[in-house]
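Have a look at the structure that comes next, please.
Order as written gives the chain letters A, B, C and D; numbering starts at 1 within each chain.
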C-alpha cells in the first residue's frame, strides 16, 4: 500500500516525500507539497479510501530569520559577519492529516504545504473532502489562511465578528 | 424522615388537632354534601367543592408525582418542607401565585391569557357529572358521558390558542402537535365509549356504576359475555386517555428535550400554574372515567361496603399507573403516535365494536 | 399480517417488562445521600485547594520560599514572599496567597514541592459571597487552625 | 434550499436551537431551517465555549498543559491525558513501566465506561425517558468514587505523567474495581430490558439517522459513529498503543448505520471495557509506576510528533511541533466530536425535528471538546 501510494504521489512531483518511522513520529508518510498540488493529492488519497483526520496550520514566524543566521558558532571562534541580503520571506505551513481505516496497522499520511506568510492562500480541499470544510474554517480562524474556493470562511470557533488570528506567533492577547 | 428542627417546632401544635379535625371534616363534608337536596343550590355548592377538589388534586398530584418518580429513581423526593414534604405543594402554589405573569413582546394578549382557562375550566366542569359515590355527584344527568367528552374536546383549544398566542416557534410547533394528537386519539376513545354505551344502554354514569354491583367479576373489564376483548378495550381506553391528556409517553406537546416546554414555554407564574392544574384535572377525569366505565366506580370489589372510598382508591391507583408509565418510557414521535392510533388502536377498537354488536345480538343483556 | 401481530405482542411485552423493572427499583432502598444532613468523608487523595503543612516541632510552615510551586502553577494563582532570618536555613515564609478563583486544582504545586510544605485540604464545602472570599491567605489559615 | 422545500414551495422558518437548549448538552447552537417539523438545513454554530487551548499550550510548559487535556472532554478526561502523555513520551523516547501501562488501561477503560454510561442516560433523556439517566448515574458514581480514590478528582482527572502515573493504586482500588465489574454486569440486563428492547426506543431509533460509512470517511468521523456504520475501526486495534495488544477484546461493529447501531455499539463497548479491565486486573504486574529516566524539565527534541488514542467518542489525535524549548511550539488537538458533528448538516437533512435530535444525541457530543 505504502509503496503504491508513494508512486502515485510521486507522479505529482511533490517537493519531498519521505517514509517516516511510525514508532518515533506517529505517522508513516510525510509529503511536502506545493499549494497547487494539494487538491490533486487529496483526490488521490480519496480514491485510495483515506479518511480526513485534521487540517491545521503552523506559523513559522522567525524561522526564516533563524535559518538565514549562521548556525551557532562554537566558542572561541570568530563569528562570521553576514552580508545583509534580501530577507527571506516568512512562511506558514498547512498540515493535512489523513488515515486509512481499512488496513491494519493503520496508515497515516501527513501532507505539508508551505505558503508565504504575507499572502497566505491555497486552494481548498473541501470539494474533495466535505469534512475539510470545518477544519479549514478553523485554520482560517486561527491563522488567517485563506482557502480559495471554500464555501464559507466566516469564523467558526471565534466570535462572528473576530478579526484577529490568535495562533499567529505575533498575536498578543 | 428528616425534618428541619425549626419546621418540626412550628408544626408540633398542629399535629394533634389535625389528626382529629381531618377525619371529622371529611365525614362532616360527606354528610353535608349528600344531604343537600337537588336543585341549583346543590350544584353551586358542589361546584365550589369540586373546584377545591381539583385544585387540591393538582397540588397533591404534583407532590405524588415527585415522590413516585423519586422512588422509581431510587431517590427520596420532596422531604424538607413539612412531614414527607407535604407542605411543598402549598409553598409552590404560593410561589407561583406571587410571581409576575409575564407578557412577552409580540404575543396576542387576549389568547395568551384565555388559553390556560380554556384548559382548566372544561376539566373542572367535567367533574360535575362524575359520581364519586352513590349520592355524591353534583348533578346526575342522563347524558353525563356525552357531556364529559364534549368538554374534553374544548381542552385542546386551550393548547392551540396558548401555543399560537405565545408568538414562539416552539410553542406553535407544540400546538400543532397537540391538535393532531388529540384528533387522532379521540377516535379510538370514542369508539370504545360507543361500545360501552351499546353494552350498558345508558349514558348516565351513575347507572353504569350501578350495573357493575356485586363482586368484581361484574365489572365491565371482566364482562366477557359482552365482548372477550373487554380488558383490551380498557387498556386502549387508558392509553387514549394518556394521549388525550398529553402525558408521557405521548407528551409531544411539551416534549422538553425538543420543544423546551411546548405550548407553555412562555408562561410564567400562575399562567403556567393554571395549565398545570388543568393537566392534572384532566388526568383525574380520564382516570375517573376509566374507573367508572370498566372498574365499577364506587362499587366494592367484594360486594360489601361500597362507597366513595372505593372510587378514590381505584382512581388513585390508576393515577399512580399514569405516573409509573411516565417515568418508565421514553417519548414516542409524532409518526409513532399516529401510527399507533391509526394502524393499531382504531382497527382493534372497530373490531371490538363489531364483535360486541354481534355478541349483544346473540346474548342480549 | 403475522408480523403485525408479532410486533404488537412483543412490543406490549417489552413495555410490561419495562414497568416491572421500574417497579422493582421503586421498592429498593434509596441510594442518595441527604446532603446537608449527611456528608461524605473525602478519600485520602482528594484534591481540594492547597494548605500549608506546619512543622511537627515548631508549628511553623515547612515552606522555605523556594518558589517552585509558583513556577509550576499553570494558572499563576500562587504568590508568596519570604524574608531571610538569621539562624534559619532558607527563607521564612511571610505571605502565601492562593487565588482560588483561578486555581484549577491540578496539583502541580504539590508535586513540585520538595520540602513537604503544601498539601491538599479535604475541604469541599466552599461557598462565599464574593470573589475576594476566595483569595486565601494560607499562612493565616494555618495560624487560625493552630488556635 | 433542498429539493424538498422547492418541490412543495412552502414557507419555511428558522428555528434557533440553542445555545441554551435541553437537547444540545451544553452550549451548542444549531440554526435549523424548517419546513413544518421537517429540517431543511441544520447548521451548527460553534464556539460558545471556545477557550483556545492550543494557544494556552504554546504558553505553558509541557507538563503544565497536562491539566488542560482533562478540560477538553470532561467526560473522558483520562483518554485525553493518555493521548498527550503518549505524544510527549514518543517525542522524548520515554518507555513507561509495565505496571503504569496496565493502570493506565484500567483507569482509561473505567473512564470510558463512565462516559458511555452518562451518554446512555443523556441519550435516553433526549428521547424523553428520564429514569435511566438516574440509574446510569448511580453506576457512574461508583466509577467516580474509584477514580477519585486514585486520582483525587472526580471529573477533570489529571493522573498521567510523562513516563508513568502520578501515584500508585492501593488494594482497595483493585477490589473496588472487581466489585464494580460484578455490579455493572448484573445491571446491564436491566438497562437492556428497560431501554434497548423497549418498543418505543426501537421505533424511534431503527432506520433513523442514517450515516453511511462513506460519509464517515469523507468527514473523518470516528469512534462509535464509524463502528455503527459497519467499519471495524478502533485505534486500540488498528494502531495498538500502550498494552492494548495484550488483551482479548472485540470491537463491536453494527452495519445498520442508524441511531440504534450507534447505541448498540456503545452499549457493547461497555461490556468490552469490562472485559479489558478484568484481564488487566488479573495480569497487573508489580513494579514502579514512573519511569526512572525522565528529565525534570521536559524539552522535547525538535520535530513534530503525532499520537492518537481511542477516546470514548472516537479518535483523539494530538500533533505537537517542538522547537526544542520547554514549551510546545504548536499543539494541535484533533477532537473526535468536531469531525463527528461536522457531518450533522448533511445527515440531518429532511429529518423530523424529533429524529434529528435523536441523531444528535447518538453522536455523543461534548461541547468543550468541540470548541476547545
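The working rule: a residue touches a chain if its C-beta (ideal position, glycine included) is under 8 Å from a C-beta of that chain, and two chains touch if they have at least 3 such contacts.
Given the structure is predicted, the values throughout are model-derived calculations rather than measurements.
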item: Most contacted chain pair (by C-beta pair count); value: A-D
item: Separation of mean Cα positions, chain B and chain A [Å, integer]; value: 66
item: Between chain D and chain A, distance of the C-alpha-averaged centres to the nearest whole Å; value: 27
item: Whole-Å gap separating chain C and chain D, where each centre is the average of the chain's CA atoms; value: 25
item: Distance between chain centroids, defined by C-alpha means - chain B, chain D (Å); value: 44
item: Residue numbers of chain D (touch at least two other chains); value: 131, 135, 138, 194, 198, 200
item: Residues of chain B whose C-beta touches two or more other chains; value: 72-75, 327-329
item: Per-residue multi-chain contacts in chain A, two or more chains; value: none
item: Every chain pair meeting the contact rule; value: A-D, B-C, B-D, C-D
item: For the chain D and chain C complex, residues of the former touching the latter; value: 60, 63-68, 71, 131, 135, 138, 145, 148-153, 156, 158, 166-167, 190, 193-194, 197-200
item: Residues on chain D engaged by chain B in the complex (per definition of touch); value: 13, 15, 21-23, 36-37, 124-131, 134-135, 138, 194-195, 198, 200-201, 203-204, 352-355, 357
item: Residues of chain A defined as touching chain D within the complex; value: 23-27, 49-54, 56, 58-59, 95, 97, 99, 101-102, 104-106, 108, 110, 129-131, 133-134, 142, 155-159, 166-167
item: Residues on chain C engaged by chain B in the complex (per definition of touch); value: 8, 15, 18-19, 21-23, 25-32, 34, 37
item: Residues of chain B that touch chain C when the two form their complex; value: 2, 68, 70-76, 79, 324-325, 327-329, 344
